[in-house]
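By written order: A, B, C and D. Residues from 1 in each chain.
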Amino acid sequence: MVAALNAALRDAMRDDERVLVFGQDVGRSGGVFRVTEGLQQAFGARRVFDTPISESGAVGAAVGLAFAGWRSVVEMQFDAFSYPALEQIIDHVAKMRGRTRGRVEMPITIRIPSFGGIKGKEHHGESPETYYVHTAGLKVVSPSNPTDAYGLLRLAIADPDPVIVLEPKARYWAKAETELTSEGIDIGRGTVVRDGDAATVFTYGAMVARSLDAAAALDGDGLSARVVDLRTLSPLDTDLIARCVRETGRAVVVHEAPKTLGLGAEVTARIVEEAFDFLEAPVRRVTGYDVPYPPAALEHHYLPSVQRIAAAVREVVAY
Amino acid sequence: MLSAFDGGHSRGFCVASEPEHWRGTEPVRVLARDGTVVGDTDVGLGPDELRALLRHMLLARRLDRECIALQRQGELTVYPGFEGQEAAQIGSAMALGPDDFVFPTFRELAAALVRGVDPVQYLSYHRGTWHGGPYDSHATRFGPICIPVATQIAHAVGYAMGLALDDTRACSIAYFGDGSASEGDFHEAANLAGVFNAPVVLFCQNNGWAISVPTTSQTAGEIFKRAEGYGFPGVRVDGNDVLAVYRATRDAVARAYAGDGPTLIEALTYRIGAHSTADDPARYRSDDAVTRAQAFDPIARFRTWLTAEGHVDDALLEAWQAEIDDQVLAIREAVIAQPPPPVESMFDFVYAGAPPSLGAQRREVLGA
Amino acid sequence: MVAALNAALRDAMRDDERVLVFGQDVGRSGGVFRVTEGLQQAFGARRVFDTPISESGAVGAAVGLAFAGWRSVVEMQFDAFSYPALEQIIDHVAKMRGRTRGRVEMPITIRIPSFGGIKGKEHHGESPETYYVHTAGLKVVSPSNPTDAYGLLRLAIADPDPVIVLEPKARYWAKAETELTSEGIDIGRGTVVRDGDAATVFTYGAMVARSLDAAAALDGDGLSARVVDLRTLSPLDTDLIARCVRETGRAVVVHEAPKTLGLGAEVTARIVEEAFDFLEAPVRRVTGYDVPYPPAALEHHYLPSVQRIAAAVREVVAY
Amino acid sequence: MLSAFDGGHSRGFCVASEPEHWRGTEPVRVLARDGTVVGDTDVGLGPDELRALLRHMLLARRLDRECIALQRQGELTVYPGFEGQEAAQIGSAMALGPDDFVFPTFRELAAALVRGVDPVQYLSYHRGTWHGGPYDSHATRFGPICIPVATQIAHAVGYAMGLALDDTRACSIAYFGDGSASEGDFHEAANLAGVFNAPVVLFCQNNGWAISVPTTSQTAGEIFKRAEGYGFPGVRVDGNDVLAVYRATRDAVARAYAGDGPTLIEALTYRIGAHSTADDPARYRSDDAVTRAQAFDPIARFRTWLTAEGHVDDALLEAWQAEIDDQVLAIREAVIAQPPPPVESMFDFVYAGAPPSLGAQRREVLGA
């Protein structure tokens, strides 16, 4: 996925000379995850540059750069390190189009290596999506594989509105199986990554692969689960969510973020609003627990496992 | 040393003859408080421009008072007056070139007038009919009104970085207050400006107060001195001396144009009125502190000098006053006449294209 | 309510000399809403003091003060102005108990005048609860009336864990009808403020009064709606929520925050998890829209109205 | 002036004979790089204490290298080494009184050793068995390991405010790096410290790097100079000169005790190793920059002087080395022997009492 993201940045910078890439360590060193590797050499230190350790300042600068007609791709080094920028993101990045009556656009992309599963240090395994999805004016996407990563990042950079890209660290080393393109991907649309009729598992990011493993395991019990990769967390693809529930009657939502007000709550609420009469069992949420992200030695107990996902599907089917 | 615990506030204003936050390093001055010349008055402005400075200040003060009246009459929501800060705002704004971009706070109506922002559009913000910048920020090169203090400083720095990347001979200016300078965003933006040698002017109006908190309880240092830590110059200027403000800003703009980077200007001024129409200063400062500060009034000072120089006379001043009254009356009527915004405008500028769920909410509101 | 909050601070400072009150303008001037009026005179500038405009610094200082054995009550001047402190709140205030294996407590109370309805300026009408409720390690309360305000603030200050107190500005001028006490109030428990059997309206803050008005209006149609004041937004009173749904079969959630991932989503998800079989109609959410909080001239279109609430109740009953 | 756009980085290290970030204001020094005396060596420490300084440094370096080995062997998660910074950490930590409280970053293992923190408990953080401070922060007066840079500075200032409120004769010290000083939290905390005249020492280890970003691209100013803007003293000290660091810190602590408020100390040092075991410095700096920096090694410098003074000799140093090897081996084994924490510990410290919903989640995990 790292290579796909790097290619997306490269192609976007090549196609649009107003695109800038900046953040901590993205320049000379190419980023702590190597996502920006070689970009400074290719496009120069004026378009790809390191910033001081000032997340709020960097995002604020991106806002000013947007007034000056630049499209910034800002990297936050890790999930939790985007929190210092929340005021700028909530008050300005998300609201500036409205604040200027549509006259000033904020084509800003904020890349955030996110989620856990890499035995990371404290503050390096958080799932910040709720903070962004709840904030009107932002779009939020999260790819589950290299091809989607390329497509979603290209779309995010091209989008006239701010897009938060939550990159699943645990999938950074995944290799692309198909050629990189943004064809067939839209911000605002999810996709069925595995068909099935017994129940639908709605998920995103690193939990897509895990949900597919769970679905495969369930095949053994002759139970076919559909898996939906939401891809875009805001705006949610309500039509797809409702259609799948109408067709399968049962739903499970899987994510790493703590359960309370994690995305699963919104997916559940929309299912109830849009497909209540088709719902044959309570929606089950398989999520991280309502605790701070645990240390490496415990993270496998915290993260949704194949077993927990499979058990939830069996449960809603047996209900 | 005294700490804020030990009633930092009671260090108040009772003894000082000039505002306490003016103590310490002497600010750069051209005109003394009584209008006598103490510096080089040749700031590069001809008689017409000098007169324009005064006329802007007179209009600004008159309009500011009108806005307070409008708020009292229920025609505006909470309004933050700027009486006493006319020289700081107008002297600095007049020193900007047409391509320079202003990132204001919520108190820069005087600067907005200089930049040609339509006051009626500007006031629709305070009328409560629009958030941010109801006027066209690109056309006026005046950014949206900014309330979360210090956030706009980073915008100005980013804009300046963009100018540098485009090799445009222009700069940006961020206005902010003494209290705003305590925010992390001030620091991050100032440091970024230094690192990228951005063509930006960081203009601090130190008016002695952050709502009820005096500058002396806001920081133990002098704000302009922070610049050195960021590797660029800082100057302290008498913010009630319009000529001194003009020159300091013009020099900072020249540095920016020349590629010499940022400048931090601390303009010492005084907030004569309340923080806003919702604020009651009697709770935290003595009237007599204000009376004393009024002796430093920027308009009286400049008018005295202009008159002495023979650039203005009573006849002209009276003629202006009449014009200004009409101007302000017209603004007043136009503000009141403003229709409320259509309800759907709440939805129309959230995204370039509204997602389906938002479209549904929009239809719900329109009862459609 | 302002007087009740003031009394709570006064009594807490009187009963526990380790309690400190600080924030912008809380000292000499007594706070922009007068909540801290007279406290500096009563307890001195060492226990009640103004801070520079540094929300993150003030909350960070409260963390350090907690290490030194002090209980801080920090005022954020308005909802949106708590955002600069989010990093300190999420990374430290919420996690420090765990980060120190329970050895260092964070008895910190963060008071935030919240929500809209007062024709406030931009950034003065926001509903920040989702950011706090989703953050494990925090407790979040929101009073709807002066008596609860007194009780909840006393409990928050006495609590060994950090509590975010969201004070509804629109109710600041409400007068207390009963004497001020924290008897009969618990953090973690909601309360039925109006009984009824046709449906339950779950709400909090300023929307409680409005929901009661809606319920009164519905009485006309001989339709008796139960109204629950959640009081505590985290941890949610799941038992009460489930019981009411079991008893009334229908539910409406009302809040000012934008709908997507507003608290209504979590309440809906818990209803589905805990009372699915009793649910006779989809849960309806009557909330703010997914837009930035609008200007004064439009806020009445944005906020849930008596009509919208009543219509939603009729809808779930007629379903 | 050059901006970071113009390849700030390529200003790299190729020409400098001493690390580039040491340029500018001369730091205070007692011992020159070759161990010769250039200042007053009487810092108030007797021979035993002087020896203790060296022994701590030797232990710290040996343990640091062991930790890197442990990480390579899969026994620790990512580990941030501190080679080259022993004098900065140990000289400052030794200057603290028993009641003084330390708020560290993630790189202060050497300071932790001086404070008597159990290295095995400390390392359980890097083993990935606990977040924050697995050791008892109250007992050791050493706060939890802090990763979100600069956030701990505000904690130190708050703690110091608490000391002042209790009229306790003690202080706190915040460690932070050159990169951390670019965060808004540095500014807000420093300004608060000035306003409340807090008894705190702000100790910046300027090791030249923030991961791959050199200090010269981190700020255009000199960090110690920021202090003046906050109204308290800032000093720049040779961070590889343990005596100079000790004296500067002791003086700052004395000021704090005396009620004279905060001090900002910028200790110029050099990060000899990688940012962490996950980092590959070859991507952004030349080996010979490192080789050159090694010529300023803090241990060699101090050992040379101590030997010249006759306080240590080869026999003693050999004896120490043997002891230290045993010590480190014992730590190594204890770290490896650490059992993983029980699953439920994930739930047990979130609140004083777990709410029902959390209890249910706990039971789910325990399969109960």
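Just so we're on the same page, contacts are C-beta pairs under 8 Å (C-beta built on N, C-alpha and C of every residue); 3 or more make two chains touch, one makes a residue touch a chain.
For clarity, every value in this text was computed on a predicted model and none was experimentally measured.
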Can you spot which of C-D, B-C or A-D is a repeat of the A-B interface, where more than half the contact pairs line up?
C-D
Outermost chain relative to chain C, judged by CA means, is D
Approximately how many whole Å separate the CA-defined centres of chain C and chain D?
41
What whole-number Å value describes the gap between the mean CA coordinates of chain A and chain D?
36
Within chain B, the set of residues that touch 2 or more other chains is 4-5, 8, 130-132, 148, 161, 165, 182-185, 188, 191, 195, 217-219, 350, 357-358
Out of chain C, which residues touch more than one other chain, so two or more?
46, 52, 54, 56-57, 80, 83-84, 87, 91, 95, 98-99, 122-123, 136-137, 236, 260, 289-292
Chain D partner, complex, touching residues on chain C are 20, 46-47, 51-52, 54, 56-70, 84, 87-88, 91-92, 95-105, 136-137, 139, 159-161, 188, 235-236, 238-239
Which residues, counting only chain C, touch chain A once they are in their complex?
56, 80, 83-84, 86-87, 90-91, 94-95, 98-99, 122-123, 130-131, 133-134, 136-137, 234, 236, 257-258, 260-266, 268-269, 272-273, 276, 281-285, 289-292
Within their complex, state which residues of chain D touch chain C.
101, 103, 130-134, 136-138, 143-144, 148, 151, 153-163, 165-166, 172, 184-185, 188-189, 191-192, 195, 348-352, 355-358
Chain B touches which residues of chain C in the complex?
24-25, 27-30, 32, 45-46, 49-50, 52-54, 56-57, 80-81, 83-84, 119-124, 259-260, 289-292, 294-298, 301-302
Chain C touches which residues of chain B in the complex?
4-10, 77-78, 106, 127-132, 145, 147-150, 179-180, 182-185, 210-213, 217-219, 278-279, 283-284, 340-341, 343, 345-347, 350, 357-358, 361, 365
